[in-house]
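Letters A, B and C mark the chains in the order given here, with residues in each chain numbered from 1 onward.
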Amino acid sequence: MGGNSNVKLIDDNGIRMDGRKADELRQIKIEAGVLKRADGSAYVEFGKNKVLAAVYGPRECHPRHMQDPSKAIVQCKYNMISFSVEDRKRPGPDRRSVEISKIISEALEYVVFTENFPRTSIDVYIEVLQANAGTRCAGLTAASVALADAGIPMKDLVPSVAVGKVNDQVVLDLQKEEDNFGQADLPMAMIPRTGEVLLLQMDGHLTRAEFDLAVELGTGAMHKIYALQRDALARRYAVEGGSEESEDEPQTAQRTEG
Amino acid sequence: MNRENEHPSREIVIPGDLLDSGKLKAGSGTYVQDGKVYAALLGIKSVKSNFVNVIPLGGRYIPSPGDTVIGKVIDIGPSNWLIDINSPYPAPLHVNEVPWRVDFGDTARFMNVGDTLLAKILMVDETMRVQVTMKEQGLRKLQGGQVMEISYSKVPRVIGKGGSMVQLIKGMTNTRIFVGQNGRIWFDGEIESILFAIRAIKMIEENAQMLHLTERVKEYLESVTKQEGASSG
Amino acid sequence: MSRSVMSEIKRDHIHKLLATGKRVDGRAWDEFRPISIQINFAENAEGSARVKLGNTDVLVGVKMTVGQPFADTPDKGVLTTNAELIPLASPTFESGPPDEDSVELARVCDRGIRESQMIDLEKLCIEPGKEVWILFTDIYVLDYDGNLFDAAFLGAVAALSSTIVPAKAAGKGEDYPLPIRHLPISVTAAQIENSILVDPTLDEEKVAAARLTVTTDENGDLRAMQKGLTGALTWDQIRKMIETSQRLGKDLRDMLG
C-alpha cells in the first residue's frame, strides 16, 4: 500500500484508471475442467489476472506424519510463476506465497466434507500465470471451482474478491496501480447463501464506515462471482436438452463379466 | 411420484444448491442444514423413493464391501501384496486371501508388481482401511488384453440399464469386457476389436449426457466393424 | 507411487500393437499429436507462448533485464533457461527445487537455443564489459502426457521469436524485436522393442527403452542432441531418428510462421 494520494487513481467523475466506476468488477472469465491429468481444475481471469487451479485427491497423504485418522487434510499451495509479474520473480515459494497458501487452505478446509476421507490429503495447486492485483482472490475462486470439478463433496462454492480505498474512496476489485498506490486493501471470501466469511485480511487505513461500505460492495460482487462459478461448472457438463430415459438410470454400478 | 422415478430430472446441481425444503429425505451426495437438503456434489439431481440424491459427475472411487474391482499390484511383501484399486486407499491383499498356497517370501512367484487382478472388497473400516480378497469364484489374475480407466462416475452409463450398453459393445466387437466397480475396465479379444471397444467406451465417457448415445455408439461400431444394424437396444 | 507403476497388460498391449505397426492412439510412427501454439499468452513477459502437444501443455515466458556480462564474453548478452515441473501438471510431480528431470529439460532446451545461435547475443550488448541484456527463459509444465522436450522447446522458440526487448522501460532506447537468426526445432523419438516412435505419449515413454531428442536448424544441420532413459540405441536407429527430425522439423518450423 503506497497510500500516495498524489497519484490520481479516480477522477472527479468517479471514473478509475481503467474506466470503471467505484462499484464495478473487472471482466471475469471462469472455465472448469481445463487440465487432463488433474482430478479437477479451473482457469480464472479477473481483469488481467490469469490463474490456474488444480486439485489432486483425495489421495494418500504425504508426508505421512501429517495424516489425520479422522479426516482428510486440505493442503493448498499458491505460487506465482516467474513471468507473472513485471520484474521476474525467482521460482520457488517466498514468505508471501506461504502465507497466502495457508489462508486459502483454511478457507477451503471449512467447506470440504473432510470427514468422508480419513487419512487422505486433498491437494490444491494455484498457479498465477499473470498477476494484476487480487491474485489470492482469483486463486481461491478458481480453487473452489476445481474442488467441485474434482467431485469432492463440499458445502458450497467460495467466491472471493478484494475491496480497497483509493483517493479516499472505497472501490471494488483493485487492479495493480490501485493496489500499489491505494490506501487500503481488503481481500475477502464468503459463502453467499449463509453469509459465512471464510477469508478476511486487511492492510491500510479504513474507518468503520468505510469498512461497512466495503463489505456491502464486496458482498454484492461475491454474489455475482458465485453465479459465474456455478455457470462454469454447469457449462462443463452441458446437457443436450435432456437425455435418454432410463439408459443412464443412476443405480449402484452393476458389473457384467465377458 | 412414480413419474419422478421414471424420469429423473437431468438437472445439474452444484454444491450448495437447495434440493428440497420439506418432503424429501436426504440421500447420497447431499447434506442437511436447518432442515433443508442441499447438494454436496457437482452432479445430477435424482429423486427415488422419497429420497433426493445427487449422482456425481466426477470424483474418486470409494471402496465399499462387496464391490468387484480390477486392481493393480503396486508393492509386494513376504506375505502380502499391496493393490491399487484406483481409489485414495490402496488395499493390502494377504496370502490367506488368495486361491493359491503361498509360502512365506514366495509371493512374487504368484503375482508381481504391475500385475492386474480381479478382486473383491472384503471390508472397509471407519478410517477407510480396506481389505480385498481373491478367494471367490471368478476372481483371478488377469492376463493379456488391455485395461483402461474411466471416470468412476461414468461406470453406470458404460454398463447401461441391465447391462445393455456394455452387451452392445461386447456383441458388436466380439470381445470380453469386464467393468470393475472402481472404474477400471479389462478387455480381451482380437487386438483390432479391443481398439474399437475402447473407442466406443471413450465415446460414452466423453458424451455421457448426450441424447441418443446408444444410437451413436451403435453407428460407430457398425461403421468400424462393417456390420448391418441388428436388433434395437 | 501407485501412479507410476505401469500395468503389465498395458505394456504388453503397446508391444502387441507395435508388432502390427500401430500405436495406441492410432498415429503413424512418425506422426506428431495435434499441436497448438498461442503466443503472447502472458502479458507481463517480454515474450511468451503456450504450446499444447496432444494432452501435454507447456507455458514458456521470456523476461529480460539489464545486467553484467560474463567475464569471458564481455560483449554478449546472457541466456539462462529454467524449467519447472509443477505439481499441478501431474500426480508424479512434487513441489520443491528442480529435480534432475527439470534440470535436464532446461539444459537441453538451453543447448538447442544456444548452439543454434538462434539469438544474436552480440546485438544484446549495451556497453561491453559493463551492461548487457540478460534473457530468462522460464518453462512451466501445466499438463503432462509425455514429450516435454518438444513441447517445451517449441514453446521456447515461439516465445523468443515473439519477444520484444524492453529497452524503453530500461532507458536504453526504443523497444525492438529480439534479434533472431535461426529457428531450431527439436524432434523427440522413443525406441520401444526396436520400433521408433516420434512424439511419445506418457505411456509410450514409460515402456520405452531409450529416447533421443534431435535439434536441427533450417538447413537440417544438427545443433543439439540428447539420449535419455536407461536402454541402448543402435547407430542405425540414431540415424533414422536424425533423418526423421530433419524431415519433421520443416513442418514444425512452418507452424512458427
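Please note the rule applied: a residue touches a chain if its C-beta (ideal position, glycine included) is under 8 Å from a C-beta of that chain, and two chains touch if they have at least 3 such contacts.
Remember, predicted model here, so these are calculated numbers, not experimental data.
Asks: Please state whether B-C or A-C has more C-beta contact pairs across its interface.
Replies: A-C
Asks: Suppose every chain is reduced to the average of its Cα atoms; which one is closest to the average of all protein Cα atoms?
Replies: Located nearest the centre of all protein C-alpha atoms is chain A.
Asks: Starting from the mean Cα coordinates of chain A and chain C, work out the distance between those two points in Å.
Replies: Centre separation, chain A to chain C: 32 Å.
Asks: For chain B and chain C, let me know how many angstrom lie between their CA-based centres, rounded off.
Replies: 38
Asks: Can you list every residue of chain B that touches 2 or more other chains, as numbers and ranges?
Replies: Each of 90 in chain B touches at least two other chains.
Asks: Give the residues of chain A touching no fewer than two other chains, as numbers and ranges.
Replies: Each of 59-60 in chain A touches at least two other chains.
Asks: Chain C: which residues touch two or more other chains?
Replies: Each of 2 in chain C touches at least two other chains.
Asks: What residues of chain C sit close enough to touch chain B in their complex?
Replies: It is residues 1-2, 5-13, 16-17, 20, 22, 26 of chain C that touch chain B.
Asks: So in the complex, the part of chain B that touches chain A is made up of which residues?
Replies: Residues in contact with chain A: 6-8, 10, 12, 14-16, 29, 31, 33, 38, 40-44, 46, 53, 55-60, 62, 68, 88-90, 126-128, 138, 153, 155-157, 159-161, 163-167, 170, 175-181, 188, 208-214.
Asks: Going by the contact rule set out above, which residues of chain B touch chain C in the complex?
Replies: 72-75, 84, 90, 113-116, 142-147, 186, 191, 194-195
Asks: Quick check on the complex: what are the chain C residues that touch chain A?
Replies: Within the complex, chain C touches chain A at residues 2, 41-45, 48, 55, 57, 59, 61-63, 65, 82, 84, 86-91, 95, 97, 136, 138, 140, 142-145.
Asks: For chain A, which residues count as touching chain B in their complex?
Replies: 39-40, 57-60, 69-70, 111, 113, 116-120, 148-157, 191, 193-194, 229-230, 233-234, 237-251, 253-258
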